[in-house]
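In what follows, subunit A forms one complex with subunit B and a second complex with subunit C.
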Partner chain A sequence: MSKEKIVINPEFWDIIPQDYRDLVDHATYGKSDRGWKDVGSSTELIAEHSLCAGCPESIAFRHIMASIPAPEDTVMVGSTGCTSLVFPMVAVQNIHSLFGNQNAIATGLKRALAYRFPNQVKDVIVLAGDGATVDIGLDMTLQSWFRQEKFTTICFDNELYANTGGQESGLMQKGFVAKMAPQGKKFEKVRLPEIARESGCAYVAVLTTSKPSLVERVVKQAVLIAREIGPTYLQIYTPCILEIGKQSMEGLQEMRDSESAGERFKFREFITPEAQAFIDDMNAKKKADKLAASANN
Partner chain B sequence: MGTHENPNVPQIGTANKKGQIITAPEEIFFTSERTQAFLTGSEVIKEAVKRSSVDFSVAYPITPQSEASSLVGELYADGYVGDYMRGESEFAVMGQCAGAAFGGARVFTTTAGPGTLRAFENFPMWAGARLPIQVVFTVRGVNSPLTIQPDTLEIAFMLETGMLLWHAEDAQDLFDFMMKGYIVAELPEVHLPIGVICDGFFVTHTKDVVNMTPENVALPHYNPYANPTPVMDMETAPIRHMRDPFIMKSNYISYMTHASWQLEVKAAMERSRKMTRKLLNGLIEVENPDAEILLVSSGTAVSQSREAIRLFRDKGVKVGLVKIKTIRPFPKEEIREATKNAKYIFVPEFNVAGWMAREIASVVERNERVIAGPHVAGGMTMPPEVIVEEVERTIARMNKK
Partner chain C sequence: MYYVAEINEEACVANKGCRLCIMYCPEANCIMMNDEKKVAFVVESRCKGCELCVVVCDAAKHKAITMQDR
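Then we have the complex of A and B:
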């Protein structure tokens, strides 16, 4: 889709909702340099949200929406959970169907779009919580990777079931006392990033959303690699401040604490040689274009 | 861009990449020259898919549909189906089908028995999301101990999913229902998923004579933009659905939204009757409606009833028949009218529950006339002699009282 498709009849301009006018006036559609710095000025993809005040998930949402390389041709797939409270307010087309089937939906969607639009980029991004990705939907998460389906899976890891009130999940830390884990969780946090690597993901990254520039880099990389090479996986810590007993303003510090040396969200990434070559090539081209542009000036 | 204006999609009168001429549905169904073929039900599924301009199909092995879904794979390899894959479970398969339908593809899949129930959560989701996916249910037993034998119990679970459900009596019905099913299911005023049902083994694994539409003629392609909901392809301007997601809200607006959408799905099913009557030549078929005794059923039970009626005729007893083609929408007016003069309404069924008898009893007047049976289940056959015996015994018992 191009921005030209979003046209408002001038006669109706004054009665069109502000959201829609923003989409026409300020949309970053088609801008190759869009990124996290647009968060403050471009709110056409996501503005308000209905999550708890200070929820890191809402920040992650903003960073991701600002970073996806081609929102005008991106369809997102969600699942049941806190993310499904945000998606109705996200202005790229998105699908919620059931709990845990997001990678199956994305598989059919990506294939249909590839078949219907063979000469056009159509990115598919899954964004779901850790219960959806690792517990109820693990089978479909892994199978989509085995089959090398070309889309990105983003897991908002808050280490529990937040929307239903803080129950134990597979990505919860061992020993954490939660609902349904009254004596503390009895097994280790599932090592999905390592499993993703072994399951055929071309790019895997583990991070928090504390550094927007890092989120931008990995999201762009993940989507572009998925478009050209194969499945990619991002696991982003979005702590549920409510369920771990923190205050609204403490989310950022919680994320920073969890990414220090030896902690479970210390930034790490894995990339296949093929994907690395693709990224290097892309960066070299970008650099050459920049040089050519400055030479012309 | 609508399919009708997309230069990449062959339009009526032009050839697709396999050389099939895209042709108006009415012409294919009613005026094209048919040729006879002697095929199994599984082969009939392949032949119908071949003529239906299917964009995407997902397969998963489960008896008795495994052969059919692998034959669809051969069609894909030959270039007749856009994309094709094996899923990992029926739950995933129906999700993959949904994803492709959300993305604007015409979708086909098949399953049976335990697969239907494993996939179950998807079916009301399909209907609520208004995805006109076609699934062929080659029905089989769902009970434990494990069985692979024919049994229609799984249909009872499907009744309130919001899907159109058409029950084929034989291979000819299966061929026609599959192609016509796409046309009705994809009407913008309907736009609902459709289950075309055939009885496992009795239809899938036996050979029958089928009058086939020409091989070099195919249905027009699906136009995803003639749709009551937006296609998820970012070709139309996206909107924020709402400020306040309904899911968590306990307020009147939220209740009202969900309730009215459910009513809309019901209404869409009602709107399917008109075109279905036209394409299937009525939602029911009736023979001898003036007979005192009527046999009313769907699927293979109808074929067996036809044989039983012949045995009765040899005995000089006139028995009538009502064949129900569409289980959803249920042809209540037609059944009420066709059965109004009958003294006994027998409902032979291939399941232990007798759900069809309950459906019929819920719509006819003086429903003490509805007699559930004979029943067979778990893969048993229903010889016509059994129907005759059951009818005679039941009437004798009723007259004694």
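Then we have the complex of A and C:
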């Protein structure tokens, strides 16, 4: 699909809301080198939503939406949780799945798209909370990896069930006390990135959203590897400032603190040799194209 | 009454490439670039008053953003 397909019938232009016109005129659909640097000077693919003021999930959403390589040919799959308050305001096709079912829905969707559009690229990206990914949806998450389904799973890890008031999740840290988990968690944080690697993911990364350039790099890599090779998984710390007792402006510092050496969100990534060869090849081609373009100028 | 961020055009150094507030504001399309003047500006109707932009601008010693009552 190209941006042409979302052109508004001129007869209706005067009754189209301004936000929508901005999207048609200034969004970065169909731009091959789109990335976080476009924000501020183009219209982002998210409109006003109801997440709390200062919520890092909102920051992560912005960085991700700016980075996905082909938004016009992408379908996202969400699940219940705070992220589901954003999806109705996202300008990329998306499906809301029943809590936990997201990787099963994405499986069917990806296969159907490949069948219906055999000669076109169609990316599928799951984006769900930690409760949806590692607790209630763990079966669907893992089975999709075992089956080598070619889509990206992104987990917004805020280490608890935020949307329902702070219950314990598998990704919560050991000993953490939350409003609805007053005794403190008795078990270790589930090592889902390592489980993802062992379950067949071709690329896995753990990060926070404190550096948009890093988010851009890993999101592009995850989507492109899923397109060509196999399942990919990103786990992004998006602290729930409300449930961990932080002020609205403290989310960024919380993320920075959590990514220092030895901390649980210190950046790490796993990539299979096949996926690495694919990325190296792609980068070499890009470099050659650049050289050729500058030689022509 | 609303609590919103306001950018002082004299103090903003977006002309030198600064984009910190635009990068970290949690709200989409909320802090934008005025490409003619080369300064950042706040779309007040989208601002939730979280003050994260003030934190990042102050930390870089630009001190171009203040919070205002409207």
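Just so we're on the same page, the second predicted complex is superposed on the first by the 294 of 297 C-alpha atoms of A that agree within 3 Å, B and C clash if a C-alpha of one lies under 4 Å from a C-alpha of the other, contacts with A are read in each partner's own complex, and residues count from 1 in each chain.
In the analysis below, a residue touches a chain if its C-beta (ideal position, glycine included) is under 8 Å from a C-beta of that chain, and two chains touch if they have at least 3 such contacts.
Given the structure is predicted, the values throughout are model-derived calculations rather than measurements.
After overlaying the two complexes on the shared chain, residue contacts for A:Gln148 are found with neither subunit B nor subunit C.
Once the two complexes are overlaid on the shared chain, A:Asp139 sits against subunit B while remaining clear of subunit C. Looking at the shared chain after the overlay, A:Glu48 reaches both subunit B and subunit C. By the touch criterion defined above, A:Val92 reaches subunit B but does not reach subunit C.
Of the two partner chains placed around the shared chain by superposition, neither subunit B nor subunit C is touched by A:Asn283.
Contacts of A:Thr164 after superposition on the shared chain: neither subunit B nor subunit C is touched. In the superposition on chain A, contact of A:Gln18 is made with neither subunit B nor subunit C. In the superposition on chain A, contact is made by A:Arg62 with subunit C only, not with subunit B. For the contact definition in use here, the residues of subunit A common to its subunit B contact set and its subunit C contact set are 48.
Contact residues of subunit A toward subunit B in the complex are 1, 5-6, 19-20, 23, 48, 50, 72-75, 77, 84-85, 87-95, 97-98, 101, 104-118, 122, 139-140, 143, 147. Remark: subunit C residues 19, 22-29, 31-33, 35, 40, 46, 48-52, 54-56 touch subunit A in the complex. On the side of subunit A, the complex with subunit C involves touching residues 22, 36-37, 39-41, 43-48, 51, 53-56, 58-59, 61-62, 65, 212, 248-249, 251-253.
On subunit B, the positions that touch subunit A within their shared complex are 8, 55-56, 58, 82-83, 85, 87-89, 91-93, 95-105, 107, 121-122, 125, 129, 230, 232-245, 247-248.
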